[in-house]
Amino acid sequence: DSSERPLTVFAASSMTEVMQELALAFERERAGTRVRFNHAGSQVLRLQIERGAAADVFVSANREHAESLAGAGFADRVTPVAHNELVLVVPLENPAGLNTFADLVRADRIVIADPAVPAGQYTAALLSRAEEVMAESFGTRVLARVVSRENNVRLARAKVELGEADAAIIYRSDALSGARVRAIEIPLDVNVRAEYVAAVISDSSHHEQARAFVEFMLSVGGQAIFERHGFSAGVAS
Amino acid sequence: MTASAVWTAEIEATLGRLRLDVCLSGDLRPVALIGPNGAGKTTLLRILAGARSPLRGKIEIGDVTIFDSEDGTDLAPEHRRVGYVPQGFGLFPHLTALGNVAFGVAADRSSESQRQAAEMLRHVGAAELEARLPIRLSGGEKQRVALARALIADPAMLLLDEPLAAMDPIARRRLRAFLASHLAQVRRPTLVVTHDLRDVKALDAFVYVLEGGRISQSGSWDDVASKPTSDFVAEFFDVQDRELSPGCE
Amino acid sequence: MTASAVWTAEIEATLGRLRLDVCLSGDLRPVALIGPNGAGKTTLLRILAGARSPLRGKIEIGDVTIFDSEDGTDLAPEHRRVGYVPQGFGLFPHLTALGNVAFGVAADRSSESQRQAAEMLRHVGAAELEARLPIRLSGGEKQRVALARALIADPAMLLLDEPLAAMDPIARRRLRAFLASHLAQVRRPTLVVTHDLRDVKALDAFVYVLEGGRISQSGSWDDVASKPTSDFVAEFFDVQDRELSPGCE
Amino acid sequence: MKWARASVLSLGFLLLGLLVVPAMALLVAASPAELAQGVAHPLFGPSLWLSLRTTMLSLAIVVVCGTPLAWWLASAQGWPQRLADALVELPIVMPPAVVGIGLLETFGRSGLLGGPLELLGIQVAFATPAVILAQVTVSAPFYVQAAAAAFRRVDPDLLLVARTLGQSPVGAFARVAIPIAMPGLVSGGALAWARALGEFGATLLFAGSLPGTTQTMPLAIVLALESDVRAAIAISLVLAGAAVLLLLGLRLVAGLRPSDDATSRSKLS
Amino acid sequence: MKWARASVLSLGFLLLGLLVVPAMALLVAASPAELAQGVAHPLFGPSLWLSLRTTMLSLAIVVVCGTPLAWWLASAQGWPQRLADALVELPIVMPPAVVGIGLLETFGRSGLLGGPLELLGIQVAFATPAVILAQVTVSAPFYVQAAAAAFRRVDPDLLLVARTLGQSPVGAFARVAIPIAMPGLVSGGALAWARALGEFGATLLFAGSLPGTTQTMPLAIVLALESDVRAAIAISLVLAGAAVLLLLGLRLVAGLRPSDDATSRSKLS
């Protein structure tokens, strides 16, 4: 019975599309394997695994959650699989007329991720760096225009897509998968790098397949898929 | 009835299988509506009070037309100025006996209205029940409160549906007497449904007999009693020799 | 009463301000419970039926003790085998007249129980109401159905709370006669609350007078009528010369 | 006084508008092509089927267990009943996600009951039973409260008559109290079913979001929301439309039962 | 037949257990120190205060507008009423997040009414009014349905008597129908308030999440869930405890009103 059970991957919700494509490619490569996903916030997935959910692979948007699982003996070695960067997104109509990251202070309604989630921590780091690198008080002025601190990046993007917010700071991969937003690059000297990690769950009944899936993510083909979805390459082992 | 009619009701209506088709009128003398169970007495009173509209007809109380199917008049119950005691008490469960009685008295003279209500409760022999909620009243006690509530509002016409049915014999006799003197004093037309000959006699009421939705006989009670046209009337007046006289039709 | 008592009820209970303290018994002859409004008649019947437990006392029907505060006996209503007609009808609103009457008949002989129920409806003069829901019945019609429902279940004792109060005079007379013959035939003890002397006479009932929670007088109706100890009894029996004889205490 | 009635009623219609307008706005914004796309969405079929199965089962559980509970709550006004009455509303005041964690702490592998259940070979969490448990937990309070309110209005004299006619307490409950309370039970059941159908947070935490096993309609919708807002809206509209039709049908069936005299009631209010 | 009653009741208590057990499990798992920490959490104070203010205001709006709506729904069984009755449940069947999007499409900047409102200088989205609108939308159906069920049971004869005693339809409604339906209204109000207090999805979408302005308790809790599960649980438990105490208090106050004869009711069921 457990051999018929598909490989179950718990993946951060910001990876919905890329994981779908990775799974298709993996299933094509290994005939007879099936992969299914449980998507939620990384913290929720960690909680579920701690409470005994039957997962085989955990792909987290935050190293800490995976590390703590490994530390408690729930997961094996933690492997980085992809990176991501932050970008600025504006609605296609761009009501605030933003063209560069520096224009962000002109926006009326800005949406960012809350510091309680990884993306929010990266955003906070980015804004404090901008405070040094760019104009004095840039960060404070931006924060003054923030109308909402979202629980996850997709929600922040949704506000922009629906035209309610003038701008949002989200991951590049999320900007790419949203059809109704335009991405504006953030200068390299300000930007921060987010890391995605994967780990095989210790009591997985599909240990061999799980490890193969993690390796597939790290393969050239896997990394190409990541790149197509806006994640940065350069983690191949 | 007489030319000096204070109220007239010409009503055609249907309710389930019952077809009500009546014409009544009355002056200041109380009118008793008698008839077998299911004849349509309650239905008629509810129509007069404004719970439902007849199909056709015309209802006048005093100089006010409260319903007229010809010109579409159909006054709302609160504009008909009728005092209605429904069959089965119909007390407001959330108000005390006193609160029930004071309900219809203008609220602006609050302490005065309380006094009036207490006075009326005393008249119906329920003075000591003032503070009780209906759920704590016996059947006969409820009925007294319901009667007091209808009398106090000084309506243009009173509609009483078996108002004494649950009362004990002493209360019945006292309230009959009180009702008779009260009605004589306030001079309001009254239509009272009853199954008790003594009510009719005590009120010296004009009688309408309703059978199967139609008025089968009417007149002073001794007139009706002396020429019964149906078993019901004969039985009601306990007429010993049951040779029925022919009906009016 | 006599030594051949079929049922006895010795009850002490309180309800709000009313203190009920009575001792009644009866044989197969119907017992009428009369008394002013608020005397506690309905309360007594409800206690017998099992709605509430008395503080102290003992109730026996036939050879069955249904309540005894000494040894803690307190049979559930369904084991008391009483037929109860509450004041105010108490019909099941979701069942037709026939459904109401058939409710108490064992469900396993389904078509037979329907037939019996229809038969009983005919006896109380409500044959044509079979298919009607209570909301479509008049007051008197409801009361007939409620009476039929209590009679059909063949209980060990009948408790009737003003069972004829809403009926028209013809129905009242017929049902009095039917009740008298039915009770004589099924030979069941019966306690009937009434405000109508004619009910007492027609049933040739033994009378208990309940006043303020206590039995003030008891005996055959002509005994009680000939020696009234209170205004109430005098009035009830319409005793012309009101020299009250002294009470029993 | 006509205008007093009109102005009071207009407040009511304002609220009705607020309740209907979000769905209408979505409907206006969505094109028929999008709706068709929504129905054809790969997440649609399996999750709809799962939602239907699980909500029907949850409703059955809620009704079977909630009816006696409501009866007990309505039977008296003692301390136990009052306390229970307030506790029943616990799952409503806690955010559904927290309810989900609570369920996980109870039925999860390391939870209070999870261990013993595991020994019996029963795994609840992250499987379809978890979906049902989550739905039962969040929707039951609505049914129980509605049912208790309906039972409280059943005339005790009718129960007494039923008992004297030979019914046991359970018999009187089944043959008298339930039929009389039926309109309240039906409307409470409709509320609970609707709430179970829309349930998201507790399911996500406790059952996870595995397509075909635990991914109900709302989970699929919120997932779609993360990738394609339009598709998510289209799916929701189809779901809402179907639900409203079902609820309307229920009302028609329930309405066949003759109730209070409709004409006089409408004339008086 | 004793066991029949016991087994039926035990089904009910099983459900009661299920409703209570998640909170109990969380309570068992949390130490008093953690609870104290939860209360001291920086998100706790402002979001609790915001939740209290907004839910009270929402409840007021729901009651003021929902009561006439319920009265109208209960007044007759015509087509308009039946349709409205089913439509009222729309916000329950849609996942709250989708309701939030619908509200955005209505009151948002590019929404149906958002443009006109913007011209009037009123910005709804991302502000406290949005929180209230979201809460009203998701909680009103529960109140309206409970109130309509209560109004349907008001004896029309009592309304007729009130009218003949000079009351206008509105007067009879206010002085007779509302007091008689009060127990149902109170229990419906409690449900709606609890639902508004637990509201998460629609608020997140429509109002966003800004501490002090739009971040209500459930938003703070779910946010805390992302970083610190223990803290989130502790906050939820404090919230749930406070809510249950409030609901219990409400019942005590409502219970002071004499109702049906308690002894005989409990003896019969």
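Here the chain labels run A, B, C, D and E in written order, and each chain numbers its own residues starting at 1.
In this section, a residue touches a chain if its C-beta (ideal position, glycine included) is under 8 Å from a C-beta of that chain, and two chains touch if they have at least 3 such contacts.
These numbers were taken from a predicted model, which means no experiment stands behind them.
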Mutual neighbours - chains that touch subunit C and subunit D alike: B, E
Copies subunit B and subunit C touch via same or different residues, half shared test: same
Whole-Å separation of chain centres (CA-atom averages), subunit A against subunit D: 35
Chain centre separation in whole Å, for subunit E relative to subunit D (CA means): 14
Geometric centre distance via CA averages, subunit C-subunit B, whole Å: 29
Between subunit A and subunit C, centroid-to-centroid distance (C-alpha), Å: 80
Overlap residues in subunit A, where contacts from two or more other chains coincide: 44, 47, 158, 162
Sites on subunit D at which at least two other chains make contact: 101, 105, 111, 156, 160, 163, 168-169, 225, 229, 260-261, 264, 268
Sequence positions of subunit B contacting 2 or more other chains: 46, 50-51, 77, 88, 136
Overall pattern in which the protein chains touch one another (line/ring/star/complete/other): other
Chain-to-chain touches, reported pairwise for every pair that qualifies: A-D, A-E, B-C, B-D, B-E, C-D, C-E, D-E
Contact set on subunit E toward subunit D in their complex: 1, 4-5, 8-9, 11-16, 18-23, 25-26, 28-29, 61-62, 64-72, 74-78, 82-99, 101-103, 105-106, 111-112, 133, 136-137, 140-142, 144-146, 148-150, 152-153, 156, 159-160, 163, 168-170, 172-173, 177, 183-184, 187-188, 190-191, 194-195, 197-198, 200-201, 217-218, 221-222, 225, 229, 232-233, 236, 239-240, 243-244, 247-248, 251-252, 255, 259-262, 264-266, 268-269
Residues of subunit C that touch subunit D when the two form their complex: 46, 49-51, 76-78, 80, 82-84, 86, 88, 90, 92-95, 103-104, 133, 135, 149, 153, 155
Subunit D partner contacts - residues on subunit B that touch it in the complex: 46, 50-53, 77
Residue numbers on subunit C that touch subunit B, as the complex places them: 16, 35-38, 41-42, 87-88, 132, 136-141, 144, 162, 165-173, 195, 197, 231-232, 235-236
Subunit B contact footprint on subunit D (complex, rising order): 261, 263-264, 267-268
